[in-house]
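Quick notes on the structure that follows.
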Amino acid sequence: MKLEFDTDRELDIIAIGRACIDLNAVEYNRPMEETMTFKKYVGGSPANIAIGTSKLGLKAGFIGKLADDQHGRFIEQYMTGVGVDTSHMVVDKEGHKTGLTFTEIKSPEECSILMYRDEVADLYLDASEVSEEYIKKAKILLVSGTALAKSPSREAVLKAVQLAKKNDVQVFFELDYRGYTWASPEETSIYYTLVAQNADVVIGTRDEFDVMENIENGNNDETVNALFQHSPKLIVIKHGVEGSYAYAKSGDVFRGNAYLTKVLKTFGAGDSYASAFLYALLNGKDIETALKYGSASAAIVVSKHSSSEAMPTVKEIEQLIAEREAVTNQ
Amino acid sequence: MKLEFDTDRELDIIAIGRACIDLNAVEYNRPMEETMTFKKYVGGSPANIAIGTSKLGLKAGFIGKLADDQHGRFIEQYMTGVGVDTSHMVVDKEGHKTGLTFTEIKSPEECSILMYRDEVADLYLDASEVSEEYIKKAKILLVSGTALAKSPSREAVLKAVQLAKKNDVQVFFELDYRGYTWASPEETSIYYTLVAQNADVVIGTRDEFDVMENIENGNNDETVNALFQHSPKLIVIKHGVEGSYAYAKSGDVFRGNAYLTKVLKTFGAGDSYASAFLYALLNGKDIETALKYGSASAAIVVSKHSSSEAMPTVKEIEQLIAEREAVTNQ
Amino acid sequence: MKLEFDTDRELDIIAIGRACIDLNAVEYNRPMEETMTFKKYVGGSPANIAIGTSKLGLKAGFIGKLADDQHGRFIEQYMTGVGVDTSHMVVDKEGHKTGLTFTEIKSPEECSILMYRDEVADLYLDASEVSEEYIKKAKILLVSGTALAKSPSREAVLKAVQLAKKNDVQVFFELDYRGYTWASPEETSIYYTLVAQNADVVIGTRDEFDVMENIENGNNDETVNALFQHSPKLIVIKHGVEGSYAYAKSGDVFRGNAYLTKVLKTFGAGDSYASAFLYALLNGKDIETALKYGSASAAIVVSKHSSSEAMPTVKEIEQLIAEREAVTNQ
Amino acid sequence: MKLEFDTDRELDIIAIGRACIDLNAVEYNRPMEETMTFKKYVGGSPANIAIGTSKLGLKAGFIGKLADDQHGRFIEQYMTGVGVDTSHMVVDKEGHKTGLTFTEIKSPEECSILMYRDEVADLYLDASEVSEEYIKKAKILLVSGTALAKSPSREAVLKAVQLAKKNDVQVFFELDYRGYTWASPEETSIYYTLVAQNADVVIGTRDEFDVMENIENGNNDETVNALFQHSPKLIVIKHGVEGSYAYAKSGDVFRGNAYLTKVLKTFGAGDSYASAFLYALLNGKDIETALKYGSASAAIVVSKHSSSEAMPTVKEIEQLIAEREAVTNQ
């Protein structure tokens, strides 16, 4: 099974949401208190996906708001450098700052982050800064859940979704849940449900779907049945090392295995997964193959230091898939 | 043409939103600076509709939040007194106040209001205070647009709409636009569009539909065509003294005339209209007849001092209709 | 003992702080839930004192901020009407509202108020709106404690005190404590202490001095000894029906008795007391006599319906004193 | 001329205010956009002074609030490690973050900083967390101006000053102006004036005294004459490379020269100056000698990469003074 896209669009994908700075521990395998040096990368789920898809050769654009400072300028320069269309990234004029994520890598299994998300520029994206002309140039609008966490960014995203649907742009909703910023679990659930019901494709971990439903230990079948009453036609639920499932409205279910790898840290897995999955779908691969691309891309990124710079090429992804299939088929 | 309702529900209608205090000028036909005495009434569009429908014999409930003070207690006592089920009106415990509306009646044509809406209790209704068990008892959930103006009331209403749809409760959206509290016209437009697309019936003045579309001088045909792509099956657009139009998804259009009357003030017209319109629909009247009930009820209220206490009985409404039809048919 | 004032100043007193609206129960001796009509008066402690002293023939000015609406205009018109110089009352341009006080009179002993103080215009008085040229025209700057409850009004008052001291304007601090708006008892204590230490004269009830010291059941001697380490030269502590004490830095203590009267409500007693006390001091009366003027003025106001309109004339005050002295001397 | 201190106190100095993280450019002499790695140090003026004086052998304590995260714990561990008494550093329980300062060193003359000060833990120090028992253990309370920028830290500092004066603890006010956080220049001026008038010693650059007076190009004589009407007995005004002036209430004026040095960056100069100046005064040096200690300490820090770790020892300071005096006396 394959998804169909309107080939007559200038951009493959427009991502909307945050573009931030990651400050990754240079000295790792220790608590952050003992890390004395940090290396700077562009970060933030939708920025990573724009960068990841752009590196894979897709035409990616971005809608977001940047701080008017050195960090904001670095992000804009970096994203332009890898080929992302940054013409709709606006610069904040009210003194808001770039979001920061300090990473702590105690061990491959014990990773945590320390986020600076108070009054960050990306959450001040305003609905008036979202352009219908721009959105209708894309095959896909990729919405990151965290952009719904606060006004006015929340309204900017809701408007983008309304415009996408009006103009037959497919809405991909990457749940990307970050507890920070949300007022309550109930608030998250309400907006996640609202956007998921209006999306064409919904992607997230099982934990994130639980957040959407405001329940614990949710059930995939119940989740997809409820959403298939509305717009979604494909729902991908990821279960970590146990792999992922893609549910189609038709009733088909596809399973994707995780590729084992030497893990340095777990950050960035979801974004690299989404990038390669999108790449595969847009290149006419069937869903089963797209799941492999996602898994392979994730496996590569978790073995490296950054989330954005480590985004693999098509060749690297396909090579990993080929190697693993060879092993499996022996 | 008639609307169908599930007869097997305990309540005819649950209204959600604000219940406030009106302070009406005792000495009128002058600027408010010269008014020295004010009379107290329950006010707020959804409270007026709950009161109005209850006086007409419907079983009405209310979901809202009241200040923990004398004004809050007065509202609860008054609404209970006219038969509204107030079991789901919660009392604010964080010191928020009751919304106030001082009315200024310079002349029947020059009415204005002075609203106190900062930090009011009704806007602090929380999603956790909206019960699925309660909502599914009703035939109709009546949503007032002003309750969408601010969090957490906004999320409480969005949740109520999600629960209503899940439980086949018909959603009536009374646009009820008040400029106060909203952050921007664009924000209003986004949430009005979102709820209108999910409603079964949408009611408002032409000006209010313009607010929903964030345009000037909008066109009824374009408005209803856009909404009929989504859930609505009936849309009522009011044009003041020129009467109102009811558009059905089927393509039928019904016109309702305004009944001329001796106007004291213009406040309360919309709420009394909605109350009688709802009453008629729920009693199996066809849409044309329901429009007459609405117009007659509005005509009665604008000739009196209050919005809530002045809500007419069925007999008064039917008597006015009969009188006017007699004149028309001569 | 008498206080000395610079006779070469254009104004006797400038009060700074809030000018609001009182909505007094027309039907009283009942809970407010049962009061259906309210009468409108100018209210707020410093406004009442400006009005009260103006009615007594002093030249009074006012520094404050008014809402740009019907209530704000009413206040400005009323205060100008009774002779207060309102040239330094500025009009808010950001949509803030006039503070409101609904009064509940269950019985002469059971009075309570319901205040609307969220986002009120008076608390938005900005330091940039306080003029040194104006302040130095006055003999006395009267500071009301409530104006310290929140920024930017807090800073406007602190600036006014700094300017008064720089220009030898005597600072009278009327504690006027209202629990509403303050973040914590500790915060109140810090700013009350700070302004009291910089004032020439401090006036308050024993309860209000307890608030200043953030203690319970404080002791007058300890209170005045601590303050006399700083600027104050006269401290008046009021004990309700038991009368009041005036402590001079010299060590002298003066006692003033309360005049019994037929009480309608307790509101306004403090403001009328302060007005007449100020009047007497400025007219060269000794402190003992000034205490009598204060008590007589308070006795008159508590027997009437309003706080501002009921402010007595000199003749009424002196007549009451004469009557009571006649009785006492029998 | 020497200052006298109560020798019977357990601690030499308690500093109050912020303890934050500096992230210093590892690759410098370039714009920050091109810096990819940052080194972590403890920062913030009063923390630097506590660290600096502690390294010089004084007994230093600190009152402040730390984030409940890795950065907060690093600060606490580092300060304890260099001998600062951190028993009154409280841990924030409301999710506030550690303040951050990214430094940009384009050239020794072109240094700038990028501060993260929104919702930082240090500004949430509460007055209830300031202990009279602790403050009265110290000879000196060192107040940093930035801690006055916002409530509730502002009130915590005002309380600390009130307690210090009540207990004869000398108040040293280091103006330490940072434009960030303050609502307006007027607001800064009001609180700077208020604390300066209550301090024993005031230290700042000429620019910072201009901020205090809310003027441009202020005059030292006018500045000190105004302050000497109040509590201050010593005022130090720094003029960068032109050296500094110490004005005594007695009328004496002392001049201190700056020591030229190879400058890496300008950060940290003021804090190292204050640390050594305090050390010298507390060790019975006269004011002229204390000015030399300040200048020598500043010269050492600006030649090194950090502000806190670079704080010199007494030996280093005295050696630099000796070397320079030798040159001067040739």
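The chains carry the letters A, B, C and D, assigned in the order they are written, with residues numbered from 1 in each.
By definition in this document, contacts are C-beta pairs under 8 Å (C-beta built on N, C-alpha and C of every residue); 3 or more make two chains touch, one makes a residue touch a chain.
Here the structure is a predicted model, which is why all the values come from computation and not from measurement.
S.K.: Quick check on the contact graph: shortest path length from chain B to chain D, in steps?
M.R.: 2
S.K.: Averaging only over C-alpha atoms, locate the centres of chain B and chain C and give their separation in whole Å.
M.R.: 44
S.K.: Could you grab the centroid distance between chain A and chain C? Build each centroid from C-alpha atoms only and quote it in angstrom.
M.R.: Each chain's C-alpha centroid was found; their separation is 61 Å.
S.K.: How far is the middle of chain C from the middle of chain D, if each middle is the mean of its Cα atoms, in Å?
M.R.: That pair's centroid distance is 41 Å.
S.K.: What positions in chain B touch 2 or more of the other chains?
M.R.: Nothing qualifies.
S.K.: Draw the chains as dots and join the ones that touch; what shape do you get: line, ring, star, complete or other?
M.R.: ring
S.K.: Give every touching pair of chains, nothing left out.
M.R.: All touching pairs, sorted by chain label, are A-B, A-D, B-C, C-D.
S.K.: For the complex, give me every residue of chain C touching chain B.
M.R.: The contact residues of chain C facing chain B are 23, 26, 31-33, 35-40, 69-71, 73-74, 77, 97, 100, 102, 104, 114, 116, 118-119.
S.K.: Could you pull out which chain C residues touch chain D in their complex?
M.R.: Residues in contact with chain D: 126-128, 151-152, 155, 158-159, 162, 183-184, 186-187, 190-191, 193-194.
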